[in-house]
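This is the structure, below, for whatever I ask next.
In this document, chain identifiers A, B, C and D correspond to the written order of the chains, with residue numbering beginning at 1 in each.
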Amino acid sequence: MMIVMQLNAEEAQVAAVIEQIRAAGLKEHVSRGAELVIIGAIGDEDRLSSARFERLPGVERVSRVTKQYKMVSRDTHPVGTSFKIRGALIGGEQIQVFAGVRSLDAALPVNSVTSMVQAAACRLLWAGSESLNQNPYEFNGFEAEKLIELRAAARSHALPFAAELNDFSVLETSLANDVDALILGARSMQNRALLRELGRINKPVILRRGLAASLSEWLLAAETIAAGGNHHIILCEQATKNGLDIATIPFLKRETHLPVFVDASNGAKVWMVPALAQAAIAAGADGLMLDIHPNPAEAPHGGDQALDLAQLQQLMTALAVIAPALGRRI
Amino acid sequence: MMIVMQLNAEEAQVAAVIEQIRAAGLKEHVSRGAELVIIGAIGDEDRLSSARFERLPGVERVSRVTKQYKMVSRDTHPVGTSFKIRGALIGGEQIQVFAGVRSLDAALPVNSVTSMVQAAACRLLWAGSESLNQNPYEFNGFEAEKLIELRAAARSHALPFAAELNDFSVLETSLANDVDALILGARSMQNRALLRELGRINKPVILRRGLAASLSEWLLAAETIAAGGNHHIILCEQATKNGLDIATIPFLKRETHLPVFVDASNGAKVWMVPALAQAAIAAGADGLMLDIHPNPAEAPHGGDQALDLAQLQQLMTALAVIAPALGRRI
Amino acid sequence: MMIVMQLNAEEAQVAAVIEQIRAAGLKEHVSRGAELVIIGAIGDEDRLSSARFERLPGVERVSRVTKQYKMVSRDTHPVGTSFKIRGALIGGEQIQVFAGVRSLDAALPVNSVTSMVQAAACRLLWAGSESLNQNPYEFNGFEAEKLIELRAAARSHALPFAAELNDFSVLETSLANDVDALILGARSMQNRALLRELGRINKPVILRRGLAASLSEWLLAAETIAAGGNHHIILCEQATKNGLDIATIPFLKRETHLPVFVDASNGAKVWMVPALAQAAIAAGADGLMLDIHPNPAEAPHGGDQALDLAQLQQLMTALAVIAPALGRRI
Amino acid sequence: MMIVMQLNAEEAQVAAVIEQIRAAGLKEHVSRGAELVIIGAIGDEDRLSSARFERLPGVERVSRVTKQYKMVSRDTHPVGTSFKIRGALIGGEQIQVFAGVRSLDAALPVNSVTSMVQAAACRLLWAGSESLNQNPYEFNGFEAEKLIELRAAARSHALPFAAELNDFSVLETSLANDVDALILGARSMQNRALLRELGRINKPVILRRGLAASLSEWLLAAETIAAGGNHHIILCEQATKNGLDIATIPFLKRETHLPVFVDASNGAKVWMVPALAQAAIAAGADGLMLDIHPNPAEAPHGGDQALDLAQLQQLMTALAVIAPALGRRI
């Protein structure tokens, strides 16, 4: 931790900072410049509360030096992580495309969905649980019965299957039906109880970025899962109200060893999905999540962003041409 | 719903839009201008999916006309709502100040907290559950045991008590200990299961604004509670990464009849809390939420934003002078 | 223009709105739904001030229907625009890469810069004028003398040359030295006097997006140039404080017929530039702007984002492989 | 400057950093912790380029320690600055309200404007130059002739007068007409040529915050004026696309000795202006800027945010009651 003193801070104020550092079992390291005194606290930074220093007189500001995430940092694990979800290698040369339905309503034609995923040669079917629609007077976008049906259909076609969850009840349904991977919804990215539970489960986790989460908050959420013992984590970026920031892909590839995906449908219109998907893999993403629907115009929600079969196949064809130019394959 | 056609849309495309409107049981209303055709759908807009129209050829854009929130709208309830939390009138002439502790750690001196609230004549004690700290290697900021202790201490001093919750487990603890009001944490503002449960419970709810929630998403969350039958809702604004937007106060006072509070501590530093609190009531807020701590430098988290007793008393004194100038009182 | 009345608006209030519409020479079109009255104003929307309606009693909100930009809209010009800058075709099959130096300081080795651009087969050399550095005690990043030297060096190598400007003085220097294209800096995107002047000049303009400009504000700035008679406009997107939003590329390709470029260096670190550049062309950009420097560590400003020769050549090689997979070439 | 090395950085990498520090004439100060090596550069930080270090192998990140603004910092001038604009004391006990017209069109009734300002006892009349309207097919909101008329009317009523400028031509007109203060428009906050010119002029400057400017960019712009010798600077905060962040007021009052104003009209609707104005002074602002118009419904632009006479007088009355509760007066 670095404590920058105010200009003209008094010696007694400097001494008070040093006393606090020593009281926590760390060592101080004092730099006296022409203008400023800066005090470094050497040792385990996690034992210091920055507020304690900020409230001391004469202190200008306090900043951490070490990162709070360690297991997911590339510093401690320079080689990129790869693992399998029911046979599909994540984080390898192959770019994996996961296709799914965001809204599980009673009318969803389960078999058409599964056929679409297979016809387009996507590698995994996912099912959403996070309603796009907050209108209390309408269907909320999730029926557990439908999740079970989809999971069964996927299995009968030997398709890996992932279920999105936002609370413990969907987690239970998912585990009871032995899904192949779990997706933590964006609204739950900072739910520490869920994160800890996912750390204890032996299933890969796709961790969506929280709606307003900084990159370090996101990596700390991944760290919480990893700290529980589950290291099979995919980070999945998605559009926010500010659009889809493509700079997070190279940032994450440098900062963490975890595989990085992009959800190219969330928050988009269907006509922009191919451009976003292509950009994501060109920026280095290891995979994509896409919204699909056999008949998007009939979907109660999200029909504006879901690809139909022809659109999905056309995109997969385009990606198959681009991937080799990036040294990868679909 | 208004459907704006593209320039030079064909008659057959206009007809296809009209057909969809009629199929949903609504009536069309077509405006043909020099440049544009605009089609209004007259009737219950909730029966139309905008995606259905967006995917039709020749359609430029689709926009809703009616608001999705109705019960919480001032349109349907022009007079401001007021109600009591254990004797404290919310939404009346009196500005209510709720003081609380954000982090419930084992070392928290429960009696000192209660004494502070009383000494400063604040009207309610609240307890947080949403950790400021996402570091998996540290205490997460919530111990249920401490919540129970605080609730008991508040009762013994006849202080109203509110507990913040982020999942069903804290809700159960809160109900089992008969708290006087419930606070829904910002990270859970779009948790529809929790919102619906709060609609069924006969306790006032303080609904914090979600981290990246728009004003209409926030009002829809309130609508979800109200639709369940619970109309005792306080909207509580707080700082985001973009600062504390004070314009939301007059907007909400115009748009909804619900009481509006501001959390002047969240995301702030302690030295700016008085300015934010004063600004909030000058902008028309009905109350404040404040972080307090008997010894902020010792708080494991949030010590940089918590007022100590002297600071709290000084602020209450200032507010007591300002309130009458606004036609209100503390 | 659409005027949505408040619930329960009175007939006299509706009549007052209609009177205003007629007074401006337009025709009204009234939709009376179960809940709402909506009034359309049919005719030339530009003759109505929305504020006039917003201030009338009983009016809930007012929204424009037609777009304010017309000449740059794809509605009125469905085919993409292409034009040449000294022989380099913009908006065609070839993706054009423009390399440049952002800071023109006295020590800049002009010949090394020109050689770099040629060695890497970039198609144009550009020179910046918008300092990255606002420190009043340091060099501001622009020396007119250096601009003249760079322009001369480019001409002697038959390289097209573009100069960035932020005020009329740089515009004069640029015209006096007969540059091949002009770049309007991001901080000047809403300078209407400069925009109008660029509309009168017979030179292609690269219009950077303003720092906080919405897409429609940006397109209106382009419209201002086009309205003056200059239709050779490139829109150049760049990172903001929210990162580089890649969704603007497909949006612009749909909304306007103008060529779209991406500045992949602005606001980035050098190690992320290749990922951003690749993503930009995969999303459909017609060209790139890149920062280069013969010796970035010696650059007084912007050295953290400038590519050196080896990095530039490596990126050009990668782009040459990717472009054909997108049906284009470098 | 602090250079944090990567975990496991090699000794040779540390040595290379130290060599660069010494080459620039500064001294290094090396902290070796259990995990990290951190190197401080002691001396004049302005002589170091952070990019130079960022490009060295083994460097994790580089951060400045001292602030780039010095003259405007409260560190170097602990007492708040106050000065007069033609008799009106700025930064004193009195809260100053400046009323003005944002759009100078031919039809503006100059005498009614001046009478309004006087009738409401506002202390200064200002005139805008920054059009709210970017539509190239409409009036741009500024006529120099009208500025001259307004200035004459103000003088004949002994009202101080301030003119907003966005380029050198309006500056010349303003100086030729001997205005009492100059307002730098938000779009020009980072125009270094204009800032330097304002530093040379012996007239108070009201410096609006740039559209996307950080607080330190804003303070650096003020520093540029101060460095030229003009210390009569008012910082004027205003709403952005994220609303009106009230936390900037206490931040600025702590960070700088300059007076702080708030423009309560910019980006607002007229019905929220009183709430914003009240909040601003409750948060500690030294003054307000307000939009007024004798007949807002007839204003070609900005009529939705301008107060009419009755609204202005009502607000002034409210402020006169609140100010004493804050230890100030109107």
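Brief remarks on what is shown
Everything that follows uses one rule, which is that a contact is a pair of C-beta atoms (placed from the backbone, for glycine too) under 8 Å apart; a residue touches a chain by one contact, two chains touch by 3 or more.
Bear in mind that the values here come from a model prediction, so they are computed numbers and not experimental data.
Taking B-C and C-D together, the chain pair joined by more C-beta contacts is C-D.
Among the remaining chains, the Cα-based centre furthest from that of chain B is the centre of C.
Centre-to-centre separation between chain B and chain D, using Cα means, comes to 32 Å. Between chain B and chain C the centroid-to-centroid distance comes to 39 Å (mean Cα coordinates, whole Å). Put simply, the C-alpha centre of chain C and that of chain D have 26 angstrom between them. Taken residue by residue, chain A touches two or more other chains at no position, since every residue touches fewer.
Listed in rising order, the residues of chain A touching chain D in the complex are 2, 4, 6-8, 29, 31-36, 38, 40, 42-44, 63, 65-66, 75-76. Residues 239, 242-251, 253-254, 268, 271-272, 274-276, 278-284, 321-322, 324-326 of chain A are the ones that touch chain C when the two sit in their complex. By the touch criterion stated above, chain C contacts chain D in their complex at residues 46, 49-52, 54-56, 68, 131, 134-138, 140, 166-169, 187, 190-193, 195-196, 210-212, 214, 217, 220-221, 223-224, 227, 240-241, 269-270, 296-305.
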